[in-house]
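Alright, structures below, take your time with them.
Shared between the two complexes below is chain A, which has chain B as its partner in the first and chain C in the second.
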Partner chain A sequence: MGQVIVDSLVRGSELALLAVGLTLVFGVLRFANIAQVEFATLGAYGMVLVASVAGVGILLQALIAIVAVGLLAVAVYRVVFVRLLRSSAAMAMIGSLALSILVRAVIQTVTGPDPKELDLPLERGVDIGGALVTPTQLRLVAISAVALAVLIAVLRLTPLGRSIRAVSANPELAAAAGINRKRITDVTWFIAGALGALAGVLLAMDTQVSLDMGFGLLLPVFAAALLGGLGSVGGAVAAAYLLALVENLVLKINFGSLVGGDGFVPVDYRAAVGFVMLVVVLLYRPQGLFGREARRA
Partner chain B sequence: MLDFLLGVAVVAAIYGILAISLNLQAGATGLLNFGLVGFFGIGAYATGISTMHGAPWPLGMAIGLVLAAAAGAAVGRLGRTLAAEYWAIATLALAELLRLVALNTDSLTRGPQGISAVPGFFSGLGPQSRDLAWLGLAALVLALCWWVSQRVTGAQFGRVLRLVREQPDLAASLGHDVVGAKVRVMAISAPMAALAGSLYTHYISFIGPGQLEPFATFLVWTMVVVGGLGNAFGVIAGAAIVQLLFDVTRFIDDVFDIPSENAGGLRILVVGAALLGFLYFRSGGLVPERLRRIDARS
Partner chain C sequence: MSIQIRDIEAGYVAGVPILKGVGVTVEDRSIVTVLGPNGSGKSTLLKSIMGFVSIWRGEVAVDGELVTRVPPHERTLAHSLGYVPQLDNVFGPLSVHENLEIGGARLSRSERRARTRELLRLYPRLEERSRARADSLSGGERQMLAIARALMTRPRHLLLDEPSAGLSPAAVEQLFGMLAEIREREDVTILVVEQNAAQSLAVSDRGLVMVTGEVALDGDAPTLLDDQRVSELYLGGVPDATPATASRGA
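And now, the complex of A and B:
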């Protein structure tokens, strides 16, 4: 059971960082950015790139990659999505799918399809209540928790956060109240890009750097954002950890014992848990578990 | 060279069927189907599995069509509660679910290695005349699907679909059955994709989970957007152009000095750039949809 909790915290942290970015951008622009998960891929490859050209410590590598991806996200919004959103949210969504494929295609063209490892020292796992945890995983969970807590504090307590929430709640009213919507949207994209890159960097430290590391998270991340109610940051965080827990529980529970035998859900179906939860929630509660907005969002 | 172009033409015609199917959903009705490859997969695996057990090919094809129609109607019903963007994600999730099942139920689908040695048509002919016959068959099916698509969009039902696309609330307020329209258009278009899947499986004698990757859906989207979302003639042209582009770039590593596994990325890049470029600079596509000014009457 301890292992389930540890695994869920690690997975939930990654999902939460990405789902929060997705939900923030959706709140401000009413458009679901499929390319959000590629910020993770870009962050991880960005770190590999920084490590290969500059002799700086691992912390600085990560920081440079995260800030660079954040700025890239703003640029992509300004150059691509401002124009596509003028046609419609649907066009922007198709465009974000194209962008997601393009990002991976560019990386594959430049560095090839093989996964890469970050140059990190080997670690010994520690035993916490019967669960095996590496120090990297502990750091991953702690750093994500701090990042998410800071984000929520900024959104709740600062004038900037109030402006972001105002724009998501009612763009016209926010503009009428003198909030600079363009600046707020830029800031939102920066946060989405930077948190996505942070997820990528942490994932790369825990496992490896690969082309599909972002796209493979697409459906669980969307599931978490939708479960939380698109636009709701707290909801996305809660839903991400909940989804991770359900994923790990489903794989651990012996369903065969119900009919007097052994029958586990094969581990290959991990991704399916998210899909099924996603489809069921979309069917019965399209506004999400914690969302207020109904049907058309 | 001729053999190569013939092969491209056959696959382009099969993809043209997929493009017609997607165009009915996305172009005419505004349904963002990001899981089109799922319906393709239903047709392909129905053919693969039934011929593997010795069933005659028409039976496999028919099973695929019926299953796809039922699945299409069910997915269309999801549109009852879901806004367009949510529906798009749900279709992507369902197609991925299907791919996972295909990958992991070895007893039914032979898992990752896929089903090979699916019987092809025209096996008595030589290689070149065989491909010519295939081209004729694929073009015939494509023409049939095009005709059905024209019938659907040209009739009053087509006007309702366009109204559902542009103004769903207005359509509902005029007394049109919005969900019913979505269900029907999915039930008509999904079997087309299944038919394409079945033909493709017979043509290359193989179906595996690798062919159900989301990239296939993405390729069809590129064809539809390049050709002109909403224009059935345009999307067929788009299918031909994009398929040619995708196959010609196969030789890209002969021209440029890059490793072949990196060149695979370059091929995808070309397709992605085409899609994004058209969305950006010419969102109507090469042959934009023509709309009459007075289009909707109940």
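And now, the complex of A and C:
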């Protein structure tokens, strides 16, 4: 059970960063950005690129990659999505799928199809309550938790955070209150891009850098954001960890007594767990596990 | 002159004007009620002052300055406008306190805090519920919060879109009492769109009646209160001649 919890914390940390970015952008624009997961890919490859051209430490590599992807996210919003959103949210969502494919094609053209690895020292795993965990995974969980805690604190306690929540709740009323929606939307895209890149950097440190590292997370990230109630940051975080826990529990259960023989669910089918969970939850709570039903005066 | 709307044509879809050459002048520190049947363009009039609809012809001036090309978020502070829409007039997921803070988003931190405290003192019911989510408030409390939020920046002009909609009779009475008191206390001009003609005109200096995107009647409030056609218009009728006791739209 200890290993399930550790694996769930690691997986949940990766999913939460991406799901929160997705839900933040959805909140202010009412559009689900499929390319959100590619910010992870860009963050990881960005770190590889920085490492190859600049002799700086790993922290600075990560920071440069994260900030660069945040700024790139703002640029992509202004150049691509502002126009598509004038048409419709559905058009923007389709555009984000195209952008997602384009990002991977460009990276493949520039770096080639082979996975990359960051030049990190090998570290011995440690035993925590019978669960094997690497120091990198501990750092991953801690950094993700700190990043999410800081973000939630900013959203709850600062004027900028309140403005993001206000635009998310009611854009027209926010404008009537003097809030510049364009500026808030830019900031939100920067946060979404930076969180996605952070997820990619942490994944790259834990595993490797590959073209489909972001796209492989698309289904669970969407599942987490939807389960949490689109637009709800706290909901997305909680749903990401819950989803990761259910995924890992399902992988550990031997369904042999039901199907005969070896009844373990292949790890490649892990994403299907999120999908099933999503369908079941949405049947009974369309607003998600942690979302509130819309109420009007 | 406080708010001047000059011959505007405005709407949401190109080629389908909702306002068809509307001209209105709202004098400083007056309360003006805009009446009219559903679909007559009352809410669109307020939205065009705030910049939420496209104006294809004409112009809007506030205190003598043209605002037609000014983005909505700039009008709040730069032109001292406060706006309370008819629906979704609070930030539901945010607390009462946060709603007020958002209303003062463009103020300095100390000004924002002081004004929030002041308004919570003025509306004790909001102070009691300051930590509650806005979407958990009753209709009357919600309306009180929406108006208080709009007052955060001490606007010189307050635009209210059907503030009495959906309120109980007691809450409606309280609301109109509140408007008269706000005008005195805040020294503010109030342009209020209403269906509740009698009670709104009772606290107003002037009234307008809009029909199919045009100003059909414009006169002082007591005169309009006595005008038989006001009630007829409310039932969807159209005035058949130039009003005798009230003048045509400005």
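By definition in this document, the second predicted complex is superposed on the first by the 284 of 297 C-alpha atoms of A that agree within 3 Å, B and C clash if a C-alpha of one lies under 4 Å from a C-alpha of the other, contacts with A are read in each partner's own complex, and residues count from 1 in each chain.
By our rule, a contact is a pair of C-beta atoms (placed from the backbone, for glycine too) under 8 Å apart; a residue touches a chain by one contact, two chains touch by 3 or more.
Because the structure is a prediction, the values reported are computed rather than measured.
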Partner with the higher number of touched chain A residues, chain C or chain B: B
Touching partner for A:275 - first (chain B), second (chain C), both, neither: first
Touching partner for A:31 - first (chain B), second (chain C), both, neither: first
First (chain B), second (chain C), both or neither touched by A:69: neither
Chain B versus chain C as contact partner of A:159, first or second or both or neither: second
Partner chain in contact with A:191 - chain B first, chain C second, else both or neither: neither
Chain B versus chain C as contact partner of A:98, first or second or both or neither: first
Which of chain B and chain C A:226 touches, first, second, both or neither: first
Touching partner for A:175 - first (chain B), second (chain C), both, neither: second
Chain A residues contacted in one complex by chain B, in the other by chain C: 295-297
Interfacial residue positions of chain C with respect to chain A in the complex: 50, 52, 71-74, 76-77, 82-83, 85, 87-94, 98, 101-103, 105-106, 109, 135, 139, 142-143, 149-150, 152-153, 166
Complex interface listing, chain A residues touching chain B: 31-32, 80, 83-84, 87, 89-91, 93-95, 97-99, 101-102, 104-114, 218-219, 222-223, 226, 266, 268-269, 271-272, 274-276, 278-279, 282-283, 286, 295-297
Complex contact set, residues of chain A against chain C: 159, 162-163, 165-166, 168-170, 172-181, 292, 295-297
Chain A-facing residues of chain B, complex: 30, 32, 34, 78, 81-86, 88-90, 92-94, 96-97, 100, 103-104, 215, 218, 221-222, 225, 258-259, 261-266, 268-269, 271-273, 275-276, 279-280, 283
